[in-house]
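Below, each structure is written out as structure tokens.
There are two complexes below, and they share chain A, which is joined by chain B in the first and by chain C in the second.
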Partner chain A sequence: VSVISNVETGHDDMIHDAQMDYFGTRLATCSSDRSIKIFEVKGSSQTLIADLREHEGPVWQVAWAHPMYGNILASCSYDRKVIIWQEDGHKWKKIHEYANHDSSVNSVCWAPHEHGLILACASADGSVSIMTSTAHTWESKKITNAHSIGCNAVSWAPAVASGSADGSNRSGSAVQRIVTGGCDTYVKIWRFDSTNGEWTEESKLEGHSDWVRDVAWAPSIGLPRSIIASCSQDRRVIIWMNDGVTGVWQPRELNTFDDVIWHVSWSVTGNILAVSGGDNKVSLWKESLEGQWVCLSDSAKGQPASEQRTL
Partner chain B sequence: MNMVSKNSGRWSIKDPVIAKDMHGVIGGISTLMVFPHKAHSEAEKETQSKTEGPVKMYQVESFSWLWSRQARKLINESVGTYLSLQAAVKEAEPDECKPLLVKKCREYRSMIQACVEDVNMSQECEDQEEIKACGQLLYKMELILSLIEILFIDIKPGGLVLGQLVMWIRVHFTQCIEKKNEAMESDHPHLHPAYWEAVYGAVLQGRMEGARQMLSNHSNADTDPFLSMDELLRKMPVYQVYGGVSVAEFTVRWQHWQSECERRLQEGHFTTCHQLQTVCKILCGNQQTINSLIDLMDTWYHLMVSTLLFTCPTVKLFRLHNAAQDAITSIGGEQRTTPLDNVLLAAMEADTHQVIKECQQVLDNTWFTAHVTDLLCHTMGQKTGQKFLPELRESLLLDYASVLVSHSSLWQVGILYLDHCGASGIAMSQMVLQRLPLTDDSCVHKIIQMASDRNFDSIIVGVCRIMGRRALSQGRLGSAIWWGVRSRDAAFTSHLAHQILHKYVAEGRFESSQLLDHLGPAMLLSDTLTFLGKYREFHMMYQDGNFQDAATLLVSLISSKLAPEYFWPVLLLDALPLLKSEEPVISAEQTYELMYCLHNLHNHTCKRGKQGPLENEVASSAFIEKERDIRLALSNNLARAIIHEGSIEN
Partner chain C sequence: MKTVCVTQDVPANALALSPDNLQVVIAGRHVFKIFSIEEEDLVEKANLRAGKHLNLNFSCNDVVWNPVEDSVLATASTNGAVVTWNLNKPSRSKMDCVSFHPCESHLLISGSHDGFMKLFDLRRREATQTFTSNAESVRDVQFNPHHSMNFCAVSENGNVQLWDMRRPDRVEKQFTAHGGPIFALDWHPEVKTWIATAGRDKTIKVWDLNEIPTVCNTIQTIASVGRVKWRPNTKYHIASSALLWDCSINVWDIRRPYIPLAAFNEHKNLTTSICWRGDPNSLLSVGKDCTLIHHSFQDAARPMEDVNPAALDISIYGNISNASRIKEDSEPTGSLTKLSVFRKPANFGEHIGQVLSSIQMRNCEEDGPVSTHHLVESAKQYLLTGRSLGEICEHNAGVAKKLNRHQIALTWQILQMLYVGVGGGSDHLSGHQGSSRDDPTVQPDTSLENEQRSSRHFSGGDAGGDTSGGGFSAEEGDTETDDTDNHDLKLTNIASGMTINQDFFFGDGEITQIPFDYENLSNMDTSQDWALPNEAFEPRHDILQRSAIPPQEFSSKCSPREIQEAGYVVETPSLLSEMRGTGAPAWKCSDLVVEMLYYYATHGDVQMSVTCFIVLRDRLKELLDADQVEHWFISYIDILQHLHMECYNQVIHLQKAFPSVRQQNQQSTSVTLHCGRCNFFPLAEQSSVESNEHVFHHNPRGNL
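Entry: the complex of A and B
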């Protein structure tokens, strides 16, 4: 049973991404019309508070940083740039621009705040940049040739080392890891080696037969295992599970859909996965007690002529 | 524009713009954002496609019965019972468990009952459909829960269950009472159309007193058939669990009674009144007769209980499912059963797993399944074959709690439940506490309190950091420092302390001095903060007239290098009145320190002066004017101090 409210975004073209901030009080949307719009959300009403136009091409993704760094938003675009914005008073301004990629930057993702203010960007030129903020400067490191042809998605692993659910502050001991998906059909996991300051490939997961479009590392739910979801143009979503003991990633195919799947995202509680794709449906999946992934609901589009379903 | 559908879980959005492609992203704790999407590759071609309308985004949230007013009350009351149950079970002896669980089960039932009354009272202004649905839901919940109490929790010794089942039926099927009242209130009860139905209904529920009362109002009540029937009804043996009569003895008595009924029937005692014949047939346990009265009973479980009452009153719990199957067959078989029936059937088959599963089908809210599974889990204890229960319980409680935490006023209740859900519960608790919007101070303090009760230190630190940042962005430096200290963030606090010092240098006054004066040991978090605190102390000593101590403190601040360089001019200027005071308060040693400081400052200033224009700060310019003054005062004081100290020694 659902309650739906809608907001006229005012975008002139299709929306590529929409992200709620940490507390669910702000919403950022980005579109092919090259703008980023920020809304303030109160209950079921949304008011536009900022319209940011600095990109010169469709903006693919936006990502909110943790609120303890202030109100910071990152965006990436077809124009090969990554822009970082900050709210100052009631105005948003650009605080950093990164233009070190050779083609479209497809995905951005902030690291868990325990690691600091760090942003990962995946680009169609096949490389991944990791930008770290110290004082007021940004340093960047590149993983070149992460995926041949292009890199489509990047996602950070949660900082709480699985197994320690006691909430104690484990600063300094958390390992930095990211997962990336690319046009070479692979899903790769990278680890940051603090001794030599370099990112190294830790695992290469094979399972998809076409471009991997999105990857998402599930938030920690207090169990020692890690879960990654990946979706691909081969119309499949694969759930990769690592039990935290053997260090091996086991794939499990969630489903084969009717069309390409573009996006997967995890709920904040880490146990529900939203899958959306070309078959024009958004479905929610959850793991049952028996270890099977079951679909909670389907949300199908409506043409003006479609019948409405009742109980 | 949208239709919602309960059990099938599908819903559609009518929007031509979305018609091509839809994209959903999860945001917040339980919100789904849905919007029209264009594939990457198409967009890269940069074709100017015209959208067919304004581009809208839809915010989809899961709505649950639990948000309704009636449910809110239930949620808030049941959490108390739940928590006390968990605590009591931990401490109880094994044989104390049962009465405890029965008590808690009855508490839940009374809460549901209170909700039912609430629903009945709120008639006029609210949505009638919703009220009706709510009422039905609550009825079902109470029906199932009371049966579970009888069959699982409050099992009587010997497993003889009929007495409780008869009570259960009586409570939930009250048509016969209504009919009786209807008939009795009329002028000629025995002529009222509902009269005999009321009599049958009463007998079928074992309400012999009621039936006798009605029959005595018949115009022919003095005739033989009626007197005979009255006697039969009066003498029917009823089994009491703690009555002192053994099962065997009761069975003998009962069979004797039933033979008497049969005898009287055969001997034609009731031929003059066919309704009385029907009643007697019921008493003889005549299945056909009982089945023919199905309209008065409505459901197979009523039929089952009524049949058992007159065929096998000492039925044991484990035989119940046979009787249930027979009853279902009599009403037309499985195709006529509803999901609710399936729950009750599963209960009669003592299949806990099935009961819970069927409950999830019938009721779309997680309150019931979570609490029932919790009760059953504690009841079953360590019994074999029920190993799935603890895991299922945790999973259902997590489901219930995760619905609660996504609501702005129920999240605290949710966290209380999460405390009992193992490691996953703790993780979810932490996540929720981090993600709650920090709307106002009371909310923040609540969150911090809950986090500290559970020793979630990292969360407290995180929240304080966010609040500190927020205060800073609003210009409330003192407040920001207070949060910074609580978050144990040395870097942030230093930064703020510097800001305050700079402000003082620029404007000559302190902001939020009260907060700074009460930092206490917390000021040791960062050097700059310590300096700030100590400097405030110096001010206070000076104002109190405690010049000696003030001077000592000032000098120690300078010599310990605790003071940031930009602040030295201020300190030296502060030293000036002390140097010029009538009584020497600054010793020779201390004067040397001050001179050294001045010397360093002078050198640095000259260096900077060669490199570029000096900073245009009030203190800095004041300092330059006074530099000669300070030098003079220092020399004078030095002389005075040496003399003074020399003479004391002598």
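Entry: the complex of A and C
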């Protein structure tokens, strides 16, 4: 991972999130200066195509929806609002605003498109809202008290095809699950029970000793097992694996880093994890044959970490 | 002193500190009390409402403590009266918001809802001066602490007026500060020309009152601001509380106007008034939740510190975008301009300036670990149907080799070997001989040989690798006719019983004697070449895969045959043609192939699993879990969708190959073909034929 080009965003303050869309052609960035900027990315050049300013406080995260719904972007901010934007022609407009949280909304994540157009929002007031869109109206459901001090991150499980992964579920509809990480150091998994329409806590994973900053559920690659990566202010990244048979999540610590880890992100094929930390380094990790996680490359060193390969 | 909270029965609207900062008075509609600020607690000292004269004069909107005489308070009552209190005995006048003169203890200015400001001399009973502003109601008025003859008033029409006390007829300066009503103002305690104003437009503005008042800083908050108070001893910090919706008290650094430096969240309802206790670390406040709270600055929440300074994302093409905070290594200097960038100091202190981030896009190389270049190219170029199995495998192996995916190439060749056999079909003799060279490395006849070969693999040495690597690539695929003699010697032949007139030995000594050994070596070394940069663990798997085969199985199956064949010298041609036709390997390798498919899926290469399955489907169908395969198909189609239309011709192959996938395609919206370029959403019920057409209108060179 090498050729680096700098993106001139023109933001006036710190950038909190940068996400690429489904096709990898657009980049959305959001910043403390309350604006969201969208760039068209081609090779190593980027051009600004939109500047969205509706939030009244720093914008923490943006998330692209699946293109089958059109070009839709969600953003969440310190001003306790979640705004959903849609591109119409070449203009972006706000199609929905959700202001039902009592505190800053820290994270938003779209559900896999198989479930429909659904957005999960995690807030510093400790609750998680799930907003579902049906025919241009939005309904929401809240998981109150998801995490005691506040919720920092939310991620959806991939929609698994009926019967192939979750051996117990052969009825045909994919199970909706999300994973959340919060300030109470826990990583929790929630499952939607379609019989009573409620979200219930399915697992509570303990392993971190400080605020969990980001959680990411790995894309499904055709196996019954599920993998979640979580990173925390205790400078560790933990990989949680569930083999799909026993229902137990096994933790494995990826590494202890030198500084707080802010983000973890899976590649689309789901087997390479990118980790970015406070030391401004990005490293790539992959599971080796023995089940150990090895570092493929480290931006600080600039070349593959050859000495770490275990054979 | 720590954070302390005292709860009343009723809310208070205003508070003020005594000049010595040891006492605080709180006043509201139904409350009027004085507290003494002790070491650990706030102790109620006096309840000024408890008296015989309980009338509306006692319900207060604002209260101030005389800065000089510590026994004199003044309140502005809801009935329009300004009541001054001598803590010994009360007296009265009439108004709304009040401010004492900083030095002359008998002078008091107040502003009222009818737009007038009146100056009172406490020694007399009526107003000495009246100042008329053309504004609507005056919401706040305050004497200038640096020029005692001046005071400032803000009103509901957004105007700020500066008056000289001695000139009641004419406003000295007037300007429009905000788009809506201004609710609060505060003179800066140190910088003589700075004043902060805030109002309904949710902004706090800092003005420099020079010849022409100009805005130095603007802070955008999330709700209408009701009160602002500069923090003592710090030049750039100001506290604010909101009128609506936001119950917390925020302390802002005006140089970083987007996010508060500190926030006090103890109030459960709106904060009505705030006041610094002469000390940057102590803040007192009252709120609608009926509490009086003493806040300690060290206990404040720090929104600035908790924010996420980094961003990360991987795109489908393997590009990584990463945003990170720009860190300056230099020490903060005393003078801070707007454009300076500083590292966050360890002690949460005063030197915070503008913070910037930079975003970097890391484009990975084509061979890099996250790249999907090979996936795209393979998807475009692979053959899945339409030719004989051998040709397909051959072609795909060639494609993989060109993409430097040697293990994939090897796998295709193995498959060809397993199901077609060396020399199987006319393919082989017509010149596609590249694949046959590699067979021996795959088909072991003894595990012992495996281990030797594997040790050779690793100890192969780079020197051998270079030359053979060169040799290997030069012969890419089709051009080695020099192998014709040797192909019969390949172990696969031996294993499948196609060997003709060759003597050989089983055992340790074998490798060194058989001439084709060198080609094996060269193959392995070449593999090792590419293994070094990134895909280090793959060759290991190959070995594992091979060694998983129990040796007995082979020898038992192969040896009788081989012995049988060894004798048939003359009848070779017919035998050869016979054996060619079988296509079925001599040993049950299907399980192994299935294992291989699972292996690829596990390690993220679902393309390989899917394409191998399509190519081999009849042979493998019964061995694979249909749901699992369906899942692979769906995952693969999803990845192809990420990569856009060019690869969609593959999807047609997939649909044809796996009817249930096509069915699912039709039923669920999840696998619809979405043309990202022309926003066409095919209906879920469309048959695959129609989708084909649509695919082709973007990709004329369809590969069917």
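Note that in this section the second predicted complex is superposed on the first by the 287 of 311 C-alpha atoms of A that agree within 3 Å, B and C clash if a C-alpha of one lies under 4 Å from a C-alpha of the other, contacts with A are read in each partner's own complex, and residues count from 1 in each chain.
As a working rule, contacts are C-beta pairs under 8 Å (C-beta built on N, C-alpha and C of every residue); 3 or more make two chains touch, one makes a residue touch a chain.
On a predicted model such as this, the values are computed, not experimentally measured, just so you know.
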Fit-or-clash call for chain B and chain C when the two complexes are aligned on chain A: clash
Contacts of A:74 with chain B and chain C, given as first, second, both or neither: neither
First (chain B), second (chain C), both or neither touched by A:282: both
Touched partner set for A:154, first chain B, second chain C, both or neither: neither
Contacts of A:56 with chain B and chain C, given as first, second, both or neither: second
First, second, both or neither for A:83, with chain B first and chain C second: neither
Which of chain B and chain C A:215 touches, first, second, both or neither: neither
Chain B versus chain C as contact partner of A:20, first or second or both or neither: both
Which superposed partner A:263 touches (first chain B, second chain C, both, neither): both
Candidates 380-388, 506-514 or 542-550 of chain B: the single one with C-alpha clashes against chain C: 380-388
Chain A positions touched by chain B in one structure and by chain C in the second: 1-7, 9, 11-20, 22-24, 27, 29, 31-32, 41, 44, 46, 58, 60, 67-68, 70, 78, 104, 113, 160, 165, 213, 219-223, 262-263, 265-272, 274, 276, 278, 280, 282, 284, 289, 296-297, 299, 304, 306, 309, 311
Complex contact set, residues of chain A against chain C: 1-7, 9, 11-20, 22-24, 27, 29, 31-34, 41, 43-44, 46, 56-58, 60, 67-68, 70, 78-80, 104, 113-114, 159-165, 213, 219-223, 262-272, 274-278, 280, 282, 284, 286, 288-289, 296-297, 299, 304, 306, 309, 311
Parts of chain B lying in touch with chain A, wherever the complex brings them together: 1-16, 18-40, 43-44, 46, 49, 51, 54-65, 364, 388, 391-392, 395, 402, 422-428, 430-431, 434-438, 454-459, 461-462, 465-466, 469, 473
Footprint of chain A on chain C - complex, ascending: 202, 220-222, 256, 258-259, 303, 307-325, 327, 354-365, 368-370, 372, 375, 532-534, 536-537, 540-541, 544, 601-606, 609, 625, 627-628, 630-632, 634-635, 639, 642-644, 664, 668-670, 672, 674, 676, 679, 681
In the complex with chain B, residue positions of chain A that touch it: 1-20, 22-25, 27, 29, 31-32, 41, 44, 46, 58, 60, 67-70, 78, 88-89, 104, 106, 113, 160, 165-170, 213, 219-223, 260, 262-263, 265-272, 274, 276, 278, 280-282, 284, 289, 296-304, 306, 308-311
